[in-house]
Amino acid sequence: MEVGFLGLGIMGKAMATNLLRHGYRVTVWNRTTAKCQDLVALGATVGETPAAIVARCRYTIAMLSDPSAALSVVFDKDGVLEQIGDGKGYIDMSTVDAATSSKISEAVKLKGGAFVEAPVSGSKKPAEDGQLVILAAGDKKLYDEMVPAFDVLGKKSFFLGEIGNGAKMKLVVNMIMGSMMNSLSEGLCLADKSGLSPQTLLDVLDLGAIANPMFKLKGPAMLQGSYSPAFPLKHQQKDMRLALALGDENAVSMPVSAAANEAFKKARSLGLGDLDFSAVYEVVKGAGGSGQA
Amino acid sequence: MEVGFLGLGIMGKAMATNLLRHGYRVTVWNRTTAKCQDLVALGATVGETPAAIVARCRYTIAMLSDPSAALSVVFDKDGVLEQIGDGKGYIDMSTVDAATSSKISEAVKLKGGAFVEAPVSGSKKPAEDGQLVILAAGDKKLYDEMVPAFDVLGKKSFFLGEIGNGAKMKLVVNMIMGSMMNSLSEGLCLADKSGLSPQTLLDVLDLGAIANPMFKLKGPAMLQGSYSPAFPLKHQQKDMRLALALGDENAVSMPVSAAANEAFKKARSLGLGDLDFSAVYEVVKGAGGSGQA
Amino acid sequence: MEVGFLGLGIMGKAMATNLLRHGYRVTVWNRTTAKCQDLVALGATVGETPAAIVARCRYTIAMLSDPSAALSVVFDKDGVLEQIGDGKGYIDMSTVDAATSSKISEAVKLKGGAFVEAPVSGSKKPAEDGQLVILAAGDKKLYDEMVPAFDVLGKKSFFLGEIGNGAKMKLVVNMIMGSMMNSLSEGLCLADKSGLSPQTLLDVLDLGAIANPMFKLKGPAMLQGSYSPAFPLKHQQKDMRLALALGDENAVSMPVSAAANEAFKKARSLGLGDLDFSAVYEVVKGAGGSGQA
Amino acid sequence: MEVGFLGLGIMGKAMATNLLRHGYRVTVWNRTTAKCQDLVALGATVGETPAAIVARCRYTIAMLSDPSAALSVVFDKDGVLEQIGDGKGYIDMSTVDAATSSKISEAVKLKGGAFVEAPVSGSKKPAEDGQLVILAAGDKKLYDEMVPAFDVLGKKSFFLGEIGNGAKMKLVVNMIMGSMMNSLSEGLCLADKSGLSPQTLLDVLDLGAIANPMFKLKGPAMLQGSYSPAFPLKHQQKDMRLALALGDENAVSMPVSAAANEAFKKARSLGLGDLDFSAVYEVVKGAGGSGQA
C-alpha cells in the first residue's frame, strides 16, 4: 500500500517510520526538506509539494503542528486542494479545533475527495511504539480503508461519526483528566497538612482501585515542585474552557469540572500557565509561582 | 508463630484462613461460635472468649464489623482488656473512626499492652487472595513484629505513625475517589449530550493515562443505571464530609472535593443514599431516583 | 434643545415622553409609525426615516430591542450612516453586546460623527419615572453634551471610558446578581429543611445588613413557586457565561460565580430557561419543572 | 415592669439603659461590679449575684460574651438555677450555640422556670438605638410576656419555635452573607482586571436592585485593603461550616455556599482569619496577607 505523509515533526517522523517498517511505500513532504533524509534512508520517496504528494498517492496522511499549519498545507499554493479529487482520500491526524476540521472537510469534499479527521491520544513514545489511540471521524468508507494503517500507528482506533467528534472526544477526556489532577492535588495537600506523608499517599493510591498512570507519573514530580511541561497548564485550561462551553451549549451542568477550571485559571493568574498542568498543585497548596519548569 | 484472631465475618474468615495456610497457629473466636468450624477443619483452635484468646496468645488480631463491635470485644466482660498486658500486642484491623481507635489504644496501653490500628483497603476478593493494602499506625515495635503476618494478609503494609493516621489515610483516598467518580459522571454525561457514545468514552479512557480499575469496573454498570451497592453512596458522602472537616481543621481549601460532596448530598436528598456511590451519575444526568440497586 | 429619537417600544416611548415633558423638542421615528401618535399628542414631530432624523437633529438617541435592530437602523438603506457626520452625535441606549457596539462606533466615527453607547439598568417603571441608571462609554465630549438629557432620563449616569465598557459593567453587575440569587435560594432551602420558616427568613433578611430590593421583591414569589419572567433565566445564564468568559480572558478565578452558573445551567437543562431567573430555586430544592411562569 | 439584667458589656449596657429610659425598673448584675455605676446613675438597682437577681425579679434577661459565660451564670454557685422556679422567666440574649442553649433550657425547665433564647442581629449602634433584630425561641408564653421589653430593645422580634431555632436562623443569615461577600469580591476583581473602575461598580451597585448596606459599608474599605474586624473572618467561616453541616444533616446541597466556604478557608490558610470577613477579597485577588486590620 502506498501513502503520502505530510509533516515530519516529532510525531510525524515516528509515525511515517512505523509505516515504512511495516512495508508501506511512503512518499513524504515536510516544510523543511532536510527532515526527510532519515526517512529516505529507510526507503521513503520525497515529494516536492503537498499537491505533488496527493497527485501521486491515493491516500495522504497529515500530522501538523497546529491549526494554521493544517490549513496552510491544504489551502495554500501547491496545497492539497489542487490535486485532491474523486477516488483520493485525505486523513488529517493533527490536533485541531472542530471549526478548522470542518473547513478542511468541506473543501476536500467539494473537490470530490474523501476526508477523515483522526487526532490521536498519546505523545512521542506511543507514536514510536505504534501505541497511539486514534479518534477518527468523517468519511466511514475512507476510515475503513485506513484501518490497516491505523493498526500500524496505534493500539486502537475509534470511528466516532461526524466531523468534529474527534476533537470533542479529546475535550471530554482532557476535562476528566483536569478534574482528576485537581483531586490528586487536593488529596496530596490534605495528607501533608494532616500529618500524613504525601509520598505514602501516592504509594497507597497506586495499589488501589483508582491507580492510574497519570498519578504514578506526575505525583512524585509534583511533590518535588517539578513541572516540566509535558502538557502546558494553559492548554489544559483552554481545553476545560472549551469542554465547559460544549456543556453550556448542551445544557450539561458540571460543577466539579467548573471548580477545577477555576483552579487552573487561578494558576494562570499566578503565572504558571507555561508549566505542566500538574502545577495546579501550587494553587491548592496556596503558594504560587514557586514551581520550576 | 501463634496468633489469636477475633471476628470471623467475610473478611476475618478469609484472613484467618490465609494465616493457617501459611503455617501460623491460629486460635479463633467469634460471637457466633458456629462460624469457627470451617477454620477448625483447617487446623485452628477455638478460644472461649476474647480474654481467653489474649491470655493464650502473644499477638491478637481483630477484624470486626463496626466501631461498636470493636469497642465491645475490648471493654465488655471477658474482653481483651482483662488479659492484655506487658509483652502482649493487640492489632485491630477493623475500619473504625479515629476516636474509637484512640479509646482502644489508650486502654490497652494503660494495661501495659501494645496496640496497632491497621484498617485495610480492599474487600472480600483481595482478603481471600492475600492482596489487601494495610494502613497501620500506633506502636512501631509491634508493627515490625507483625510484618510477616501482614505480608501474608496483604500485598503491602504501610506504617503511618501515630494512632488515627490509618483512618485519616482512608479518608484522603476516599475523597480523591469521590471526586474522580464525579469527574467520570460529568464526562459521561457531556459525551452523551454532545452526540458521542459514552461507552466509547469508557473505551478511550481505558487506553490512556487516566485508565484505572474503578472507571473500568463501574463505568459500564453506570451506563445501564445499575448501582448495586459495593460502597453505599451515603458512606462515600460521609467520608467526604469527614475529609472536608479534616481539611477545615487544617485550613486546607479544597473546592473540587467540596463541589463533589455537594453532588453526593444532592444524591442523598433524592433518596439514592443506599445505592452504590456511582449513583451520583443520576444527579449529573439530572434524573434522580431512577437507578436500580 | 432638539433631539431625535429612534425606537418607541416600552422603554423608548417612556424615555421620549420624559424628554418632551422636560421641554425638549423631540423628533421621533419608529418602524411601526402608529406608535408615534401618542408622542405627537405630547408635541413630538415625526421623521420619515432614521436618516431623515439624523439630517434634522444634532443629537439622535436610539433605544432598540436587540442587536439586529440596532445594526439595522444604522447600516440599512435610509439609515443613520447616510446622514451622520461632522458635528452630529449618535447615542445608542439599547442593550447590545460589545461587538455590535464597536461595529456601530467605528462606522459612525468613519463618517466623522461622534458616538456614545449608553445601555441602562432598570426597566419600564424606572424609565417612566426618569430613574434609570445609565452606563455610558465612548466619546467623552458627546457624553458631556448629553448629560442634561441623561439627567432627565435617569437618576444617575456614569461615563465608563472606551466603547464596550458599558456592556462589560452590565455583565459584572448581573454576575453578582446571579450569585446572590443562588445564595438566597440555598438559604431559603436550608431554612425550610431545618424547620425554620422561609418567609421568616425573608423578614429577618429584610431588616439586616444584606437587605436589598431583589430579595424583597423576588423572595415571596419564589416561596409560591411563581416565576413570571421579569428577567428570563436563560438570559441570566448567558450573562454569567459571558462574565466568566471575560474572567477567563483576564485570568480571574471566580469559583462562586462558576458554581452559580452551573446551577443556572442545570435549571436550563430542566426546561426552566424561559421562567424568571429566580427559578433557580427549583434546582436548589431538587425539584425541577414544577414552577409556573 | 421590673426586670433583672445580667451582663453589662457593650451590648448589655446599651440594652439595660434603653429599658431604664422606657420606664422599666431594672436590677443589674455584672461580674465586675464597677460597670454597674453608670446604670445606677440612671436609676438601676444593683444585685449581689445572679441568684439574688432572679430571687427578686420575675423576669431576668442575660447578655453575656460567650457560651462559657452563659453557662457560668446559670450553673455556678450563686447562679440562676439556685433561684429560678415556678412563675419565673429567664431570657438569654447572648449568642451561643444550640447545644449550650439546650443545656440551659433543660436545667431551667427542670426547676419549673420558663426559658427563652433570644440572640440578636445587630451590634453596638443598633443596641444603643433600640434597633436590634431579636431571634427568639423556646417558651411561647414567656416570649409573649417579653414582647413589650423586646419592643424597647429592638425594631423587630421573631418567635421561631423550639430552642435552637434562634441559633439556626443566625447561621442561615450569615451563610447568605458570606456567599454575597464572595460574589462582591469576585465582581470587584473582575471589574478591576477588565479595565473598569471597582469604585464605579460600587456606585452602580448602590443604585440598583441588589443595593444593600453591607456592599455600601464594606466595599470602599475593601478597595483600600482595610479590613478592621467588625466580624472576624474565622468566625464567618465557622458559621459557614456550621451552616453547611446543618445542610448535610438535612441533605440540602448548597454548591455556591460550599464554594464560598472554601474561599474563606483559603483566607484562613493565608493567615487572614483575624481580619474582617471581607478580607476574602484578598484571596479572590490572588494576593494574600497584604491587607491591614
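Miscellaneous remarks
As written, the chains take the letters A, B, C and D, and residue 1 is the first residue of each chain.
Assume a residue touches a chain if its C-beta (ideal position, glycine included) is under 8 Å from a C-beta of that chain, and two chains touch if they have at least 3 such contacts.
This one's a predicted model, so the numbers in the text were calculated from it and none came from an experiment.
Interface comparison, A-C versus B-C: the pair with the greater number of contacting C-beta pairs is A-C. Remark: chain A and chain C have CA centroids separated by 43 Å (rounded to whole angstrom). With centres taken as mean Cα positions, chain C sits 57 Å from chain B. Counting partner chains per residue, chain C shows two or more touched chains at residues 247, 251-255, 258-259, 262-263, 266, 269, 286.
The touch graph of these protein chains is complete, with an edge between every pair of chains.
Within the complex, the chain B residues that touch chain D are 241, 247-248, 251-255, 258-259, 261-263, 265-266, 268-269. For chain C in complex with chain B, the touching residues are 255, 259, 266, 269-270, 286, 288.
Residues 121-122, 133, 135, 155-156, 158, 160-162, 165, 168-169, 172-173, 175-177, 179-180, 182-184, 186-187, 189-191, 193-197, 200-201, 203-205, 207-214, 217, 243, 246-247, 249-260, 262-263, 284, 286 of chain B are the ones that touch chain A when the two sit in their complex.
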